[in-house]
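Shared between the two complexes below is chain A, which has chain B as its partner in the first and chain C in the second.
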Partner chain A sequence: MKTLLSWLLWLWIGLVIVAGYALVPPLAGFVGGGESSRILFFHVPMAWTSFVAFLAAGIWSALYLGRKTRQRRHDLAAAAAVEIGLVFCLLATLSGAWWAWVEWGGARWELSAFWNWDPRQLSITAALIYYAAYLALRSQVADAEVRGRIAGAYAVLGLFVAPFLFFVAPRMATFSLHPEPVINPEGDVQMDPSVLWLLLAGSLGFTVLFFWLHNLATRLAILEDRNEVEA
Partner chain B sequence: MSGRASSWASEAAAVFVKDWRCELRTRYALNTLGLFALTTLIVVSFVLGPVGAVPELAVTVLPVVLWLIVLFAVTAGLPRVFVAEEETHTATALRLAATPSALFCGKLLYGLTVVVALEALITPLFAVLVKMPVARPGLLAAALLAGGYSLAAGSTLVAAMVAQARTKSALFAVLLLPVLVPGLLFAVQLTRIAVSGEVPGQELRMLLLYDGTLTVAGFMLFPFVWNP
Partner chain C sequence: MDEATAVSQAVKIAFAAVNFLVWTGLFLYLLRLHGKVRRLEASAGPETEGRP
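Moving on to the complex of A and B:
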């Protein structure tokens, strides 16, 4: 059953990739006759999945902090979610920088062509640093109980800080390269329905992929933890 | 009920008074935060000169430099509020004596007064040494107060975290900076408006909202960080 589900997941993601190239028309207003817009179907789901991962890490941490639900596996699950979320976050940052290089940097071989001072580039980098700091904190506390409490509090604090980084701070900026049709103050979606459906399908696929990876990582962490306690 | 509330307030006040008494005896904050900020200030003034005479530079550069000086001074000195308690082994007594939320409140007030005192010392000197024009002094004061509060609230919570970790001061900066990013963004923008004299927008409201968020998060999370 589990193997079947994982094959279904791979099939789903494969179909999203194929559809991203074959099904959706190139979007107007992008470089290369709109062909460069196809990175959208990977960049947006990755950014979304990292957001889901950090949210999940906060929820597991809150479970660990709760007196009645304090179990080691919640703390290990939160750490695993941050580790995998950081990979997605890094990939979203890199794919975004690559896209910016093609789209606005004129594909020039200069560092400034990758960095466009977009508020969202800043906020995702701050999120990267935040959760890298979470892992640094974990590595610096020897006792597992103390580590779970302190790192857990830091991950829950992230739930308070992240909305400001992702939603409030970018609004203060006077310009953004991120298209208004997708991210606008009114919250309307103003784009081609096929693009929207594919984005949703991609996000769903990547989210399931995250939880699958997370399940493996948490089980591994629990086994390692048990090994350490016994040794 | 009122008795419980007044004992909570007196606990918080006792922590606040105790920290200031320690400070007046050791002059630790004065020696680290104050001297650190003064040294940086002198270096900045040597390198930049009367840069505020050029209006464009005054608006774009000076607010950032001012907040960087305050931020780095805070990262150098404020972890002490909890690290000292662990190092002198007074943390256990404090755990027994005070309610966590009252303790957090007292430490937060101490941190806030230290940061505000630092800003009151540094900002006029800064304004003179780099010739920073101030079009709206009231707004500048509001920015310093509200921005200083977010620095104090963030660093009080993070200091309690690193006090129980192996490396302390290096980890403090790493953990604190990403927490402070939104607050600093708003504070710098608000200072920019105070310097240029533009019409302020949502910045002060956003900064106060962030202050409130950090306060709620601090009171909520501190008991978990503090109590074994």
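Moving on to the complex of A and C:
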């Protein structure tokens, strides 16, 4: 059954890839006759998945901090969620920089062509730093119990920081290079229905992929933890 | 179909094919890892079985 679900996920994301290139028309207003807009179907779901991962880390940390729900596996699950979330966040940042190079930087080989000080570029970098600091914090505390509590409190704080950085801060700015129909101060999403549905399908596929990766990473962390305790 | 459109179509197909291959490679690796984790859990005993 689980294997069947895995193959369904393979098919789902495979169809998103094919549809992203073949079914959805190029969007007007993007360079290359609108073809550069196709990166949306990967860039946006990756950013979304990193947000889901950071929220999940906060929830598992809250479970670890709760007196009745405290289990070592919740702390390990939170750490695994942050690790995978950082990978997705980094991929979203890099794919965004690549897109910025094509779209706003005129494909010039200069650093300024990749980095435009756009509010969304700044906020995702802040999220990267915040959660990289979580891992740095974990690495500096030797005692597992103390590490779990401190890192847990930090990740629970992230339940407020992540929504602010992903959704509030970019909309507070009066100017953004990001496409207006995707991100605007009113929070409206105005885009072609085929683009919107494919973005939602991609985000769903990537979210399921995250939970699969997370399941494996946490189970491996539990095994490793058990080996350390026994050693 | 003019030459520019044909090139654009070919580039699009190439991008889609590379994306699809990368995804399939990652997927097969994850399936293999899944089996490995199950075997490790089985050899470690019942306490670490199941989703955390």
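By definition in this document, the second predicted complex is superposed on the first by the 226 of 231 C-alpha atoms of A that agree within 3 Å, B and C clash if a C-alpha of one lies under 4 Å from a C-alpha of the other, contacts with A are read in each partner's own complex, and residues count from 1 in each chain.
The rule is short, and it goes like this: contacts are C-beta pairs under 8 Å (C-beta built on N, C-alpha and C of every residue); 3 or more make two chains touch, one makes a residue touch a chain.
This is a predicted model, so every value here is computed, not measured.
Undergrad: Could you say whether A:Gly14 touches chain B, chain C, both of them, or neither, answering first, second, both or neither?
TA: Only chain C; A:Gly14 stays clear of chain B.
Undergrad: Determine, under the contact definition given at the top, whether A:Ala100 touches first (chain B), second (chain C), both, or neither.
TA: In the superposition, A:Ala100 touches no partner, neither chain B nor chain C.
Undergrad: Touching A:Ala133, do we find chain B (first), chain C (second), both, or neither?
TA: A:Ala133 sits against chain B, while chain C stays out of touch.
Undergrad: Touching A:Arg226, do we find chain B (first), chain C (second), both, or neither?
TA: It touches chain C, and chain B stays clear.
Undergrad: Taking the superposition as given, does A:Trp212 touch the first partner, chain B, the second, chain C, both, or neither?
TA: Only chain C; A:Trp212 stays clear of chain B.
Undergrad: With both complexes superposed on chain A, which partner does A:Ala22 reach: first (chain B), second (chain C), both or neither?
TA: It touches chain C, and chain B stays clear.
Undergrad: Classify the contacts of A:Leu76 with the two partner chains as first (chain B alone), second (chain C alone), both, or neither.
TA: In the superposed model, A:Leu76 contacts chain C only, not chain B.
Undergrad: For chain A, which residues are in contact with chain C within the complex?
TA: 2-3, 6, 9-10, 13-14, 17-18, 20-22, 33, 35, 38, 42, 73-74, 76-77, 212-213, 215-216, 218-220, 222-223, 226
Undergrad: If we count contacts the way the header does, which residues on chain A are in touch with chain B in the complex?
TA: The contact residues of chain A facing chain B are 65, 126-127, 129-130, 133, 136-137, 140-142, 145-146, 149-150, 152-154, 156-157, 160-161, 164-165, 168-169, 172.
Undergrad: Can you list the chain B residues touching chain A in their complex?
TA: Residues of chain B touching chain A: 157, 161-162, 164-167, 171, 174-175, 177-179, 181-182, 185-186, 189, 202-203, 206, 209-210, 213-214, 216-217, 220-221, 224-225, 228.
Undergrad: Under the definition above, what is the set of chain C residues touching chain A in their complex?
TA: Residues 8, 12-13, 15-16, 19-20, 23-24, 27, 30-31, 33-34, 37, 40-41, 44, 47-48, 51-52.
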